[in-house]
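Each chain gets a letter, A, B, C and D, in the order it is written, and its residues are counted from 1.
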């Protein structure tokens, strides 16, 4: 199969993720969408790696996963904290800082 | 290395500012005397400059100092004076002691509960700071160096305007405070905008010199020389754009119509000595810079812009005078009168004749002294009645004849009465303008009628007529006040009768400027020598 | 000798300085110091005069440059003096009449607590006036010109507590300033035309300049003269100037300062000679003013204002004469001098009357004063006879010559001018007779003053009567003396030149005509005021009378056009400054603020909208980058 | 393309040798020592947290942080003195990290900023003591619910979140790598390494914890969102060039690559990959510098975060992010500058104007400074766009000048307090100049520097970048810059008016007397502001020498 199709898939996933960030209210879901975007990137990396025939892309994908994991740690910590304070995970409820 | 006289002249007031600011809160009077001493020391140095300056000497600048400063920006610490600068430095140094003396009690704190708040020290320190910056701006022959102090002097000036005002009379303190800070902000913003636009032009100048000379430079002498050698040539549009950038800043500072509205506010709200500092000292930097920088750096563009500038200055002359007539506030009236006078100065500069520019320079000095006299006496008057409204006065002449008399002399100087100094300069400006632009000269002459109108109306309404109740018992001038006013009046008389010492200083510098612009004076139809030959 | 000229100016200037800065301790001695210094300058003048008489006609001019005043480039103004016969005439008139009036003021101002200042101002005036006439260039003349204006301003407004006095002073200064504009422009024109404005080169080079330039210079000089000499259309200040103390009116607003315009035109004769159009303008102004002043003089009930109208009218004669060119210069100056005597005398007389009548000025409240104030009556009467041109007295000689010269102008112009001058003489006779009758004859119409005090008319003290007597002598004999062998004409000829006109009428015919109109004028006045009782309040009168009382509505026109218009202009400019000029700036600030407020709302606190902005930004960034490549 | 290459070589040095395809690992520890020291200290800090008793932690952490940062700074100085900033500049760590002038210069600034910021972090005299123990401005226990019992207990116990020190050190570590990153992967990792600790730090305020937490959530979500874009951009660039090293991509972009295999030839032909990828990476960086339209997190986060963190973040993040941006534009994408310059022009103009205009109506000091930082990002972008060596050095200088002013300004903000903690509403600052002339004067100095008044560092910096922009042919940018400076001046002045010319309010805030720590931070800020304003030549020289990127 032509590897370019994977790229299309990656772009699609990325867009879905981005749209999710814009549309969803729940911080956790938004965060998941961001993870989706990162994974879309991973897919792109691997595909390009395959196209170019070098390993860089695949290695980067691993790095990305590690980074994503770290992000999850921090992100969940923050989201949980604010959930406990506000009893809501909706980002729209967090609107004290504005103007 | 010889003694750096120019640096010292600026450094002494700067040191004075630091020293004055450091005086403890309780020793207010000591701070005043300290400030006075430093301002007198500056005056001494300025006098030494006058003596050491040789009007006959060759070369554009004298007493020069030059040190590396910010090589990356092409900036050098370059000082030098020509006849114009040395005279204006002398004016500055002369006026500041009077300003200090006149403002002796202006910054006394109302209550001394807080030991950290030291308005008196701050007031005098700021005045000295302004003096230092003005002096160095007059001395700078590096465009960038000039620009720095041109801009920086706004800050102490701003605090002087916003921080210290007349003691409130009828108006509640809060309202005066609001008015005052509005005036201060207006002053700063106008000038800052002007300065920032000039900054763009300064940067542009650097870009041009860097592009054409290899290394960017801000040195006036170098640029002028490079132009003369043909190494540096501005494209027409570039030169015009740069000229406009510079001119805009100076026109705000000067101030020229329609960029003038900050001046009445600033002078109205500030105490009289500070108002004098604004109009007699700081604003002169603007007109001075037109002569030194606009004309010398961009002669072609100056000629190109002359028609518009002449019209603007004409409008300033008439508009300022008419608005002065319509004012109800003494200080604002004087401010609008100043706008009219600045119109004359700019007119003289851009008439591009020896008489015009020489007259304009002389005008700067004379206007400084005459406005100082008028404004300071007005300040003394206002401090007695605590009102700036003309309508609150009447018949002062009866109760305080000396005050009224000095006020009248100040007023007569403002309306350029022959025999007083401003007449000489105003007439020179008019003649200089007339000889190149007769119509402009004639219209400008109308200004002298309007000047008489606003001065005499002011005098009539405040000083003559039946004595108003609130004015009764008003004390006449005190000794300190007389010490301030008398020398100024003496100087007005002296320079009206014998201005030659000044014109001698100014003339060569003006001729140098004229040679930069490559304009000669128009020649008369019938030459005197022809007449003599015909005899 | 030359140095004395400077001293001439310096002595009264010193007096002014000492008196004005001297402080209270000089209060009592001030009148004498002032008078002494004035007399001293008269002595100096006399010495100079004697020296001048000792030299031949052509060598009489003295000149000296004291120091270089304003040297800038080609512009060279010097402080230099020139004393020729013309200047000398003025010097003697100014110092002579001036000293007398100083003397008079000692009595007149004896009870004024501010008399130190008064004498200071008077001395200042003398200095400025002397500077005006001995300056050797127009710029220095300008200094004197404005200096007398200043002194006039200070003296008119001397009683500053009276708002009317302060207003009158301001008005005088302002109107004079309008004239000064003319003088400034004249000097500028001279500078651009001749490269100088010293009398010598300018007047000598005048014939080499184009007529257009000369006409321009002439017209602006005329403007200057109109201002200073209260000629139409700048005459309105003179009537109001009577608010000043009477000695001031006598010295400044009758004898000396107001004649400066005549001096200026005579001095600039060479310029006018080359500019016939300008001369026409001058004679027109003179003719109009001599009628104008005379008519106004007929209607005024205020004795000083009536005399002021008369002054205007008489100066009109002088200007008319000066406008005639070399035919008239000498007569203009001669009339000026005789007028100086009799008009000063008349004013001093009026002052004496007022002095005795609790400062009442309304002639309708005088009457029958001749027996109470005999000296005043006689001196005033002699002045009266002189001014109406009673044969043998001063005014007769000088005025007659002017009328003659006006006819000599020739052609229609000559007839018109001559006719006008004759008509003026008739009106002069009328209004002066009216003044005389109302004041000294008829029944007493005295009214108590504001304090309810009835007047106790009495003769004035010696210091006042002596000057009046001296001036009366001048009024009587000066004219005859001057006309003896054409002495005055010959004296002035080296300066002004002289030409005989071709008069269509003979001198005898002119004199006869003058006598006739004089008689008619006197008779009319007697018929109106001498025979019937005079009402204390003025009757309404016809349109002309009412207009004349209001200075022929000139003030009203000024008020509507200039004052009202000016007020509107300044008020609308103040408004404009506030709303438009400031408004643009404030508006810009406000719109930035408004924009800021609106843009601020985009920052709505919702993280997702921030994300939208980022996403949109990214999209735009990508699109723009791609687009750049496509373009 | 050869033309592009020659221009390219203007501001880059050719590396000694191109990296081999699969090289044996070779790490130049000495040259990476600044980063390693800081990260080592951070790790030690974690250990301290784990093993030291609570009482000792504060001092131990502070000591560790200060020593670590100082040592790292010394290492930077040593490297620079050793010529790594100029002639010995090269790419270390297998092509991952550049050791060159800009990198060392910016690392030096970041370390100094970190050091000074550490002082403000450690300030314990401003908050009233809890249970007899001095406490700093960080939450007693971050995990507790605001206003809950747990929080109250934690406060009573006098607990303190001393973890902030190692967390900050991690962030500094990331910031050291970020401007030095020489491949896109390192760039991404470094970005995350310094971002994640900052997210955490934002959430740790002692007072107004809801705001603090909200700011952290916003920052985190938006930051993660933007880094996803950045990563996608990296992927596309990798797809385009087949490599993520800067030099490799630059060669492909410049057409100077030696070996072109068929796959590369295929992707090379697809400019869309390059352009979109480049734009997305750019966006990620612009987010960090706070350029419009990626700026919206800035005011909220600046306001909500604990003020010492805001100061640190505002100063250091900007330095690091602009460093990375410069390297990306000058090393990777110079061949594309005709594509990115117009776009960056637009971004710079919009950033300057929006930052200045919106700031005009702000009512909170911290928000005001946030918008001001946006405007300043615009000014710096003007210098970035110059694409001349002067452009680089002017940006470096500006960053140095700006960061200390910012740090100082936020440090002053920590001092003005009322019962509810810091009093950041502008109305509360009215009349400050009457009550505390010195503090007000110092703040005024910072504001004037922000406004670019001569004789302050702000002016020198602004002049430098505008000069570079003008010389780089971006005169309109200078004009816009000048205009927005004028607008910006308005609100700086407004604060000064408020402080000096308004009557103090009776129940207004007080100015706390800080410990020498904060005083030092403020003093350093003032000193640098004045020094760089009056005698900037030495630092301009430094920046000028550091103005060459290695490739």
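For the reader, a short list of remarks on this structure follows.
Here is the rule we use: contacts are C-beta pairs under 8 Å (C-beta built on N, C-alpha and C of every residue); 3 or more make two chains touch, one makes a residue touch a chain.
Here the structure is a predicted model, which is why all the values come from computation and not from measurement.
C-beta contact counts were set side by side for B-C and A-D; B-C has more.
With centres computed from Cα atoms alone, the innermost chain of the structure is B. Annotation: 37 Å between the Cα-based centres of subunit B and subunit C.
Subunit B has its Cα centroid 65 Å from the Cα centroid of subunit A. A separation of 25 Å divides the Cα centre of subunit A from that of subunit D. Note: centroid distance subunit C to subunit D, computed from Cα atoms, is 79 Å.
Among all residues of subunit B, those that touch two or more other chains are 189.
Contacts with at least two other chains are made by residues 217-218, 221, 225, 229, 299-300, 490 of subunit D. Taken residue by residue, subunit A touches two or more other chains at 18, 21, 30, 91, 94-98, whereas all remaining positions touch fewer. Pairs of chains that satisfy the touch definition comprise A-C, A-D, B-C, B-D, C-D. Interface residues of subunit C facing subunit D in the complex, by the touch rule stated above, are 589, 592-593, 595-597, 599-600, 602-603, 605, 607, 609-611, 613-614, 616-618, 620-622, 624-626, 628-629. On the side of subunit D, the complex with subunit A involves touching residues 21, 142-143, 145-146, 185, 188-189, 192, 196, 199-200, 203, 209-211, 213-218, 220-221, 224-225, 228-229, 231-232, 234-236, 238-239, 242-244, 261, 263-264, 266-267, 299-301, 303-304. Those residues of subunit D lying in contact with subunit B across their complex are 393, 434-438, 448, 451-455, 459-460, 462-464, 466-467, 470-471, 475, 478-479, 481-483, 485-486, 489-490, 493-494, 496-497, 500-503, 535-537, 540-541, 544. Subunit D meets subunit C in the complex at residues 217-218, 221-222, 225-226, 229, 271-272, 275-276, 278-280, 282-283, 287, 292-294, 296-297, 299-300, 338-340, 342-343, 346-347, 354, 357-362, 487, 490. Looking at the complex, you find that subunit A touches subunit C at residues 18, 21-23, 25, 30, 91-92, 94-99.
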